[in-house]
Structures are given as structure tokens and as C-alpha cells.
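Got some structures for you, see below.
Both complexes below contain chain A, partnered by chain B and then by chain C.
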Partner chain A sequence: MKKSNLLAEYGALVALILLFVINVATRGGNFLQIENLRNLVSQNAAVGVIAVGMTLVIIAGGIDLSVGSLTAMCGAVSILVINKFAASGMNPNLAIMLASLGAIAIGALAGLFNGIVVAYGRVAAFVVTLGGLAGFRSIALVLGNGGEIRSQSPALQDFGFGGMAIPFAKDAGGGPVLFYWSAIVFVAIALIGGFLLNRTRFGRYIIAVGANPRASEYSAINIQTVRLAVYTLLGALVGLASVLVAARMNSVGTGSVGLYYELDAIAAVVIGGTSLRGGKGRIWGTVVGVLLLTLISNMITAYHIDTNWQGLVRGIVILVAVLIQRGKKEDE
Partner chain B sequence: MEFPAVRALDGVSIAFESGEVHGIVGENGAGKSTLMKILSGVQHPTSGNILIDGQPVSLSGVREALRRGIAMIHQELNLVDELTVAENVYLGREITKGGVLDRAKMIEATDKTLAEIHASFPASIKVGGLSIASKQLVEIAKAVAVDASILIMDEPTAVLSDPEADSLFELIARLKARGTTILYISHRLTEVCAICDRITVLRDGAWIATVPAKQANPAELAGLMVGRDLGDFYPPKIPSPNAGPILEIDNICGASFSVRPGEILGLAGLVGAGRTELAEAIVGARPHSGGEIRLSGTRIKIRSTKEAMKHGIAYVSEDRKALGLHLSLNAIQNTTLANLNAYGKVVPNRTTERSSTETWKKEFDIRVGDLDAPVISMSGGNQQKIAIAKWLETKPKVLILDEPTRGVDVGAKREMYNLILRLATEGMACIVISSELPEIIGLCHRAIIMREGKVMGELKDEQLSEEAVMRLAAGVLAA
Partner chain C sequence: MNRFKTLFGITLGISLVMLVGCKAGTDGGATASGGAGPSAATPGKKFKIGVSIPAADHGWTAGVKYWADYASKQNPDIEWIIQDAKEPGDQITGLENMKTQGVDALVILATESAPLTPIAEKLHNAGILIVNVDRGFTLPVADVFVEGDNKAFGRKSAEYIVKKLGGKGKIAILEGVPCTVNTDRVNAAKAVFSANPGIQIVAEDSGKWNREKAESVMQNMLVANPQIDAIWASDDDMALGAESALKAAGRNKNVWILGGGGMKDIVKRVMDKDPLYPADITYPPSMIGFGIQTAAGILRAGKDNAKKYIPRHVMIDLDLILPENAKDYYFPDSVY
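Moving on to the complex of A and B:
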């Protein structure tokens, strides 16, 4: 493999390691402490879960701009359901469980809607989901009267800050370091997503449809079903992600939750080396992409750089990632 | 240009004389395309020189090559369908007057060029509405408009009907008379011998011979191309089976015919006779109304390629690159794609996927080192074998092969014929769509001849001759 190919293949990983090396050199590697690593994984777990689904949609040759607004809509629904059940005296954990399923179902339905219009209405995914970007946010605002919906159930926040104790790790006070549930969900979804893409028949069809939809049709693949399925799956993952966000904040600000999630998710997918043209991509790259974007924003905070620069730095990282990928194409 | 493992061209030196038609032949992978890409400035040689009129030149890009008078007409035409003929001809070098496009002048000049090459359409119409043959003329007009002294044509007749090809040959003769040098790449050896002055044979990236066309004949050229004696080109025919029909087509797209198990049925006709459309309608890839399809006597409905597959009817497309294969996927993924279900409903077993692809590889002598490499890197013949293997995986009873030897080199063609014969011997009903008459005659038991979407007639056994097929295909009714 040529040097430039190696860079294109593992560029995001190299960048991630480089940032850690810089941290070790300048701050003695405080980012490598177990708590900070834990934070790195859990901080953007919701975006990570969405990005895994987005990877599949993009490999199948599509795109979804509605995920941020849909997060707000599903989050609003989940808290409304929890409050309703909490008022009726139901076991709070059961209420959370039911609300999560509700949010996932609503998300899947919204994704199915996107998928139907894309697959059968033959409208460009960009346009369909741009409609969703505007529409789902609007529904969320209506549900929350334009403001924040607060959870009435303390159990929700317990879930948001709960997790599994990391073995042998102790925090400054000698207490256990928890690997938050959100991080566990992110890791699990990434593993399932990777398996789905690389090992299952459905995953092979996703790649085939993205690489060449017409040839797939001629190979007896129902391409409409595949498209429908990836959008629905992404919608369901957005529903799941919305619960993670709601649990963390114990509320959903219908105007602010999920803002720019679509951009973060797509950025992570692209940085991770998945082709925006479809037909080629990988889940682990997307995970590295999410971690890289998180690490960059953490470093900007930790190094007391004016946070207003954050957007520019992200923009540059995305551009560089795409340029390296393009270099790879020319080599082939 | 050096590819990772392959040196596509090795120390080839050829001198082209001005005003000659120089044929370049060779199997796929012989280095023809690489040579042409270097001459037209698309690729850069790692060593060696290009001399024009004795002066070494460096062709840094297509623009530079064009400036030196070298124009290339690609197999896949590079025209913008949405623009007019004149706009295409002047694309990138528009005539302006005070910063504004001078349309009238461009149309006038283009009309003049079109008249020069005897094109019958005006410069002001959109290219999208033209036939393939006319589009080719637009490409030639582009070259003539810039006064190209060297014109490279890559398989220009592959997409033309015989009368269209004939008028192209006349045009080539006229261009030659004007002093234009023409490099003519083609797989059709008969036409190369007929229209060229000299012919160069390439094999495995090396120069083999340059012979005067007058002294060359197709058989000898074919021998030079493959470096071995081809013997009888078509395998001996097996007797026609006399079982009852397995597939009966009744008034689908206006065509009716039937095919028996073990039979090789040809669908002959000129390009545009509606054969591909008919085949696509049969396998459900193209919507159609009316008519009836019967399988072993039972009426069936096919609305998608998936349903066709379930009924045991498979279609291998003529457009291998766009429809037949996924070029970015590897050999294994392509081979098992249509039949992936059989390797596991949810999680396909990768080990059996690999081993059955290995089996096809051995069986069909697919020459590919790495089954994990994208099939785009494979030669046309090997790609075609994968495309066929993909459908044999589904164990079809009826196999429809659309132009199975298009873009396939001489050696692989012969293997393809043997393969089809073997499938028929094993009892498969094979329908072969081909625009090459010798193929229909040499391979098929029986042929249906189509013209403008209609079945013109049926010929079998001794009746099957090039002349008889051509008469029906061209609409000259036999007495």
C-alpha cells in the first residue's frame, strides 16, 4: 500500500493519536486518564449512535438532514410519556423503558416516512430530509409550547448519570468511575452496526445498492426495501439517541436539543472515511470520527482557546479529511 | 503509467505515417487502451518518447494533445446531452463577441463542418435526441473542427448497425483523403482488414507485429493476438433437443417465441431492434403490458428480476459495467449477490461464499489472482464470466445472455461459446442475443430475427445463414 493510501485509510485514527501525543507532550497526558477517556466516549454518545445509522444511510447512497430535529421531537415525546406515566404512579423504570420504546417507534416511523418519499416518491434524499429538518423541529416546538419540557421523574436523571463501574478505576474521592449507560449504548450500537454492515445479507445489500442501484435491481435485490430499511433504522437510532440526551439533561429544550446533530453526524461519517457517493464505508471510522470531533472540542476548552474558534477547526478537519479521500481515488 | 503490479505497456515503438489508417488490435489487456490514453494525453508514460513530425513532444494533458492535433473518440462518447451539437463542438473554446457567446457564428461554422462529414442533422439541435451513430458523428465533427491531424477511434463500430458502420467507413476514407491519420482500434478483425492500410498487433503490453492490411487476414491476426492457434472458432454443434418448450413468450412487447431445454436460441437483429427491451420485459426489469409468459406450460407473472429468478429465468445484461456487475465490489461479492439468500438468511457464511466462488473460478478458468480485489480491475472476459456465474448460482432453467461476447477478446470469446454449449448440453435453455451474425450462425440451433421490435421470422439448422438472417433483420422480405 502506498503512503497516501495508508493516510487515507487510517487518517482519522492517526489524527486522534496525534492529538493524544500533543496532550502527553504539553499536559502530561491528562486526557488519557480513565475519567477523561470515559467522558470522551460518553460526551457525544447520542451523536455517535446517530452517526452509526447515518453511515449506513450514506453507504446506501442517501443522506439524512432531519436527524437533529428528529432528536428534539422524539426527546419531547419521551419526556411527555414519562411524565404521564409518573403521574399515574407507574414504576419509574418501567415508565422510562416504555418511553424509550415510544421514542424509538416514533423515530422509526419518521425514518420510514423519509424512506418512503425517497424510495417511492423518487425525491432527492437531500430535499426530503431538509423538509424533515424543518418539520420535525416544528412538531417538537409545538409539543413543548416553544420551550423546555422538564422531566417529573427523578429516575430519568438517575439513568442519565448511572452506569457500570469500570473495574479497578477510582476517582479522586476514591469512589468508582462509572462507564455511563449512554457510552455503553454507543459502543453496543457501533458493534452491532459494524456486524450488520460487514457480516449480514442486509449489509451486503446496503453496499450493493449504494455502489450501483441499477445493477442491484438487475441482481434481484429489492432496492426500494433496502432504502426504506436504512432510513427507518436511522430513525429508530435517533429515537434511542434522544432518550440518552433527555436522560442526561433531565429535560428537552425543544428549540435547542439536537441542533446541528445532522452536521456533526455527517462530519463524523466523512472524517471516518465513508464515501459520500455511497457504496463504500465503515463503522469503526465513524466512531473514530465522533471521538476525534469530541477530542478537538475538549482540547480547545482545556487549552483555554477562545471556543469561538471551534467551528473553524472542525470545518478544516472535515475539509482535510475529504481532500485526503479524494487523493485516494486518484491513486486507484 | 505503472500500475502496482502490472506494466501495462512495455517498450512498444510504433511509427504512424501521416494520412494512413492504422489498425490496432489485441486482446483485452494487451495494452491498446493504455497506448491510446498516453497518445491522447490522459496518462503519462513512465519512460519513452512521443514524436510528432520527428519532434519529441510532451503531452501533459488532453488539451495539450488536442493542441498538437491529436483527438480521441472514446467508446463511451463524451458529449453533453443537454447541449446542442454546436455547443458540444465548441465546448471549452466558445466563440465570443464582446464577451457574449456568438451562437449564430458557432452554429454556422458547425453546420459547415457537419456538411463536410455528410451528417444529416443541423447544428442547432440538442445532442440528447440523436442516435448513437449521429452522436459519434458529433464527436468526429469536434475533431474535424479543430483540424486534428491524428484521430484515434476506440471501437467505433461496437455500437453501430451495419449500414451505420458502412457510412462510418466512407467517412474514414474521406478523412484519410484529407491527410488525417487515423488510429483505429477494433475487435472486429474483418473490418480492420478491410479499412486499414497497416495493422499493428499488441499482446500483453508488447508489440508483436505491424503488417500491411492487404496481406493480412482475420484468422492470421487472431492467431498473432492470442499467440496460439485457435482451431475451429465455434465448438461443434450438438443436435437440437426435441423436448417440449420450457419457456413460451406470447405477445410480450409484440413478440412471440418459445425455447426448449437444452436449446441455444439466437435473438438476432440490428442494434435497436428491440431485443434487449424484450429480454428486460421478460425478466421484469422493464414494465410492459399485455402478453403472456408460460413456464413449462403454466402461465406466470413476472414483475421484477427477483420474481424471474424465483421462476428460474436469469438475464445477463449487455451492459456489464452499468447493469451486470458492481465494479467496486469484489469477485466473491459479485458472484454471490443474486443468490446471497442461499448462504444464510441473515448472516451469509463467508467461507462457503469464498469456496463456491473458487469453484466457479476453476470451472470457468477465471483468471484473477485475488478474489478480494474489485472486479473493475479484471479484464472484460473475466468480468463476463463472473456476471454469468452470478446467475448460474441461482440455478436457472432459462438463461438469457445479452451480447455475451461484447468487449471480450478473441480467446475469451471462444471460451464463452464453449461455456454456453456446455450449459445447453446440461439441459439449460439458453437465449443468446447477439449483433454478430457469425456468432448466431456458429452457435445457435435456431434464431429469431427481430426488427423494430417485431419478430420478422425464425430460421433453424440449414436455413441459418448470414444472408438469410440479414435479409430479415434489414427488412428485405425473402421471396
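Moving on to the complex of A and C:
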């Protein structure tokens, strides 16, 4: 393999490692605190979960712009359900479980709807999900009366800040450092997504449908079903992510939750080396993309940089990723 | 090879941006200290305070940013991290990062109240001094809470409207971002309006304390309501947005607007007896500076000592600005 191909293949990972080394060199122990490293995995866990689903949709030749608004809608539903059950005196953890299932179901339904219109209505995915971007947000705003929906159950917040204690790690106050449930879910979903894409027949179908729909049809793959499946799966993951976000805030600000998640998720996918043209991509790259975006905001705080520069840095990182990818195409 | 050059160039570009950003930032250069955490006042240790505020999406928040920079510069013995956030998710991330940076205190103006409460509670429990300014949390997790008297804001402004309309007329209400500030203002104003049955609220919507948003909301209100006698805009940026909508629709006669905040442009027009702006009500963004000064003072005095005499809740009085007294509130050099 030529050197330049290696770079095209692992560019995002190289960039992540490079930035990591720079941080270790300049910030040392401050950067390497277990708590800080934990934050890098957990802070964008919800976007990460969505980005895994987005990777599959993009590989199958689609795109979904509605995920941010859907996060708000599913989150709103989950809190309403929790409040309803909590008021009836149900075990709060059971209520959270049921609300999560509810949010996942609503998300899957919305994803299915997107998928049906894309697959059978033959409308461009960009347009269909642009409709969702406007529509789902509006439903969320209606549910929340334009404002925040607050959870009446403290158990939700406990879940949001709960997790597994990292062995031997202590925070500045001497307490244990928890690996948040949200981060655990992110890691698990990434592993499952990677398995699905690379080790199952369904994964091979997704790649085939994205690479060449007509050839897939001739090889007896039901391309409409595959498309429906990836959108539905992404919708379900958005539902799951919405609960993670709602738990962290113990509420859902229906106007602000999930804002720009679609852009963050797509950015992570693109940075990770998945082609927007479909037919090619990888989950691990997306995970690297999410971590890269999180690391940038981490550095903004640590180096006392005006937050207004963050967008420019992100923009540059996205452009680099795409430029390198374009180079890869030319080589072939 | 070519791509290596591209990558090199772009890496250089990122480094440059970071470098420029560093300079442009509130505090030049980074300091690396190994795993420093919040600790009691040890002699010679430089305190570190994080200031987390909403992004300047309208004039008032721009004023907050200005005063945050200004007030922190008056305390050069302390290391400051000042960050703004577009939405609650951003703000939570920033606060978590400030904690790992080892801040001793945080001055927080929340983007929204409820979503920021759990993280504030967690940081408070971790031993970090929390000074909350303006938009409050939904639980008493702040060590000090500084706010303008928003109930008085609502009450005084509504009473003025009732008086000026002679107790009879149709009004439109523009609400702000959902948070304790907005709730207090709106509820207090509505309490006054509902006590005066001659006042009819014909339209009510959120303009998010933003000029463009308020303009489009106002346009819709004008289409739906042939008669509006006065607009309770509750913020000077929203007042300007409402004015644009009125002018575009040719409806800027026989109607007037009551904003809020004390933006210099509006105060000037009150002073000049502009019929569209008969009055305004103050809500100084410099209150962030009071929060910053309080946090710095408490750390210097020692947290446990200072908390014995620093009040937990400070409420800033607000004044109605009228043509007679407007010159006392007009600061042409201010950003807001």
C-alpha cells in the first residue's frame, strides 16, 4: 500500500493521535486525568450513538437531516411518560425503562416513516428528512408548549450521572470517577454497529445497495427493505440517544435539545472516512470522528480560546477529511 | 506526497487558528498544571474561576460578554476561563471541561434553567463555588444567586402599560427564552393585566429575546390582529424587531412598544420623546460583573469565612425609564 493511501485510509485516526500527543505534551497530567479522558468519551455520547446509525444510512446511499429534531421529539415523549408513571407511583427505574422503550419505539416509527417515503415515495432523502427536521421539532415544541419539559423523577438525573466506577480512579474531591451509562451505551452501540456492518449479511446488503442499487436488485437483494431497515434503525438509535440527553439535563428544552445534531453526526461520519456517495464506510472511523470533535471543544476550554473559533476549527477538520477522501477516489 | 503537503498545510492552518484564537481569547496562553483540583486557599496559589455565559445572540448577552471581560480584567491575580455557549448541551460540556481544568469557582448565566440544574448540582457537590447570575436554576444549588428583580420588571412595566392605556386596550406579548427570568416577568405582568379587565391580550408568542425572531413573530401577530394598541416586548432587542415589523406593515402609528433592558439606542429614543418608545425598564447586563466580583471576593476571603456574611440571594432593583429621567440611564459609550 502506498504511503498516501495509508494516510487516506487512516487520516482521521492520525489526526486524533496527533492532537492527543499535542495535548499530552502541553497539558500533561491535566489532560491525562481519568475524569478528562472519561469526558472525551461521554460528552458527545448521544451524537455518537446517532452517528453510528447515520453511518449505516449514508453507506446505504441515504442521509437523514431529521435526527436533531427527532431527538427533541423523542426526548419530550420520554419525559412526559416518566412524569406520568412517576405520578402513578411506579418504581422510578421501571418508569425510565418503559419511557426509554417508548422513545425508541417513537424514534423507530419516525425513522420508518422517513424510510417509506424515501424508498417507495421516491423522494430524495435530503428533502424527506428536511421535512422531518422541521416537522419533528414542531411536534416537540407543541408537546413542551414552546419551552422546557421538566422531569418530576429524580431517578432520571441519577441515571444521567450514574455509571460504573472506573477502578483506582479518583476525582479531585477524592470520589470515584464514574464511566457514565451514556458512554457505555455509546461504546456498546459502536461495537454492535461495527459487527452488523462487517460481519453480517445485512451489513453486506447495506454496502451493496449503496454502492450499486441496480446490481443489488439483480442479485435478488430487496433494496427497498434494506433502505427501510437502515432508516428505522437510525430512528430507534435517535430515540435511545434522546433518553441519554434528557437524563443528563433531567429535562428537555424542546427548542434547544438536539440542535445541530444532524450536522455533528454527519460531520463525524464524513471525518471518519465514510463516503457521502454511499457504498463504502466504517463505524470505527465515525467513532474517531466523534472523539475528534469532542477533543476540539475540550482544547477550546483548556487553551482558553474564544469559543467563537470552534466552528472554524471544525470546518477545517471536515474539509481536510473530505479533501483526503477525494484524493482516494482519484487513486482508484 | 502531494497529500502530505496538503495535510501539513492544513495542520499548520489549524495551529495558526488556535494560536490566533489564543491571543483573541480572554486570557493569553495555556497553563499546564498536573491534576489540579479545587482546594482550600493555599498561600501563593493562583485561583482559577470559570465564567460560563450564553452566546451573544442579542444585544443584552453581548453586554454580558463585554462586562464579563471587563470585570475579570479588574482581577488579574485570578486565572479566568470565559466561555459562551449556544445551547445547554454546549454549556454542560464547557462546564465539565472547566471542572477538569481545576476551577475553584464558577460564575454561570444559564442558557436555560432546567437543563443546567443537574450539572450545577453536581459541580456544587464537588466543592466548586457556584455563583449564578440572572437565569436561575430550578433547585437551590448556587452558593450565591444574583438576579434582577424580574417580578418587579413584569409588574412595573405592566402597570405602566395599564396606566398609559387608561385601563383599556388591546396588547400583544412577546416572551423570551424559557427560563426563570422569563417566567417571573411574564407571570407578574399577566397578574397586572388580568386585574384590569379592560386590557385584552390579543396575541402572545416567544421572540426568544432575539431581534429577527421577534420581527417574524410580530409580522404574524399583525396579520392576525387588525388592532394592537401596545406591545409588551420585555426586551429591547425584541422591541426593535417589533418596530421593524410595524414599519414594514405600515402600522407604526397609534401603537407603542415597551421593551426592557436599557439598551442605549432605546434609552436615547425615550429621551428624545419618540412616540413609539414612551418608556423603558432597566435590566443591566453589568450584573455579571457583580457576580464575577463576588466570586473573586469569596475565594480571596476564604470560602468558609465569606459564606458567613455573603447573602445567598441578591436581587437588583429595576427602574422605569421615562423621558424625564432617561439621561440618568443613557451611557453612549456602553456596548448595550
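Structural remarks
As a convention for this text, the second predicted complex is superposed on the first by the 331 of 332 C-alpha atoms of A that agree within 3 Å, B and C clash if a C-alpha of one lies under 4 Å from a C-alpha of the other, contacts with A are read in each partner's own complex, and residues count from 1 in each chain.
Operating definition for what follows: contacts are C-beta pairs under 8 Å (C-beta built on N, C-alpha and C of every residue); 3 or more make two chains touch, one makes a residue touch a chain.
Please read all numbers here as calculations on a predicted model, not as lab measurements.
With the two structures aligned on chain A, chain B fits next to chain C without clashing.
In the superposition on chain A, A:L276 makes contact with neither chain B nor chain C.
Look at A:A8: by the touch rule set out above, it reaches chain C but stays clear of chain B.
When the two complexes are overlaid on their common chain A, residue A:R204 makes contact with chain B while staying clear of chain C.
In the superposed model, A:V313 makes contact with chain C only, not with chain B. Legend: residue contacts after superposition of the two complexes on their common chain; A:R248 is shown touching chain C, with no touch to chain B.
Residue contacts after overlaying the shared chain place A:A302 against chain C, while chain B stays out of touching range.
Shared-chain residue A:S216: touches chain B; no touch with chain C. Within the superposed three-chain arrangement, the count of touched residues of chain A is higher for C, of the candidates chain B and chain C.
Between chain B and chain C, the minimal CA-CA distance in the chain A superposition rounds to 16 Å.
Under the contact criterion defined above, no residue of chain A touches both chain B in one complex and chain C in the other. The part of chain B that touches chain A in the complex is made up of residues 285, 304-306, 308-309, 315, 317, 322-329, 333, 337-338, 340-341, 343-348, 350, 390, 394.
Across the interface of their complex, chain C is touched by residues 3-4, 7-8, 11, 15, 18, 26-30, 33, 35-36, 39, 43-44, 146-148, 150, 157, 160-161, 171-173, 175, 245, 248-253, 255-257, 259, 294, 297-309, 312-313, 316-317, 319-320, 323-324, 327 of chain A. Contacts from chain A toward chain B in the complex involve residues 199-202, 204-205, 207-208, 211-212, 214-222, 279-280. The touching residues of chain C, counted against chain A in their complex, run 1-4, 6-7, 10-11, 13-14, 17-18, 20-22, 24-30, 32-39, 55, 81, 83-90, 92-94, 96-102, 111-119, 122, 126-127, 138, 178, 206, 208.
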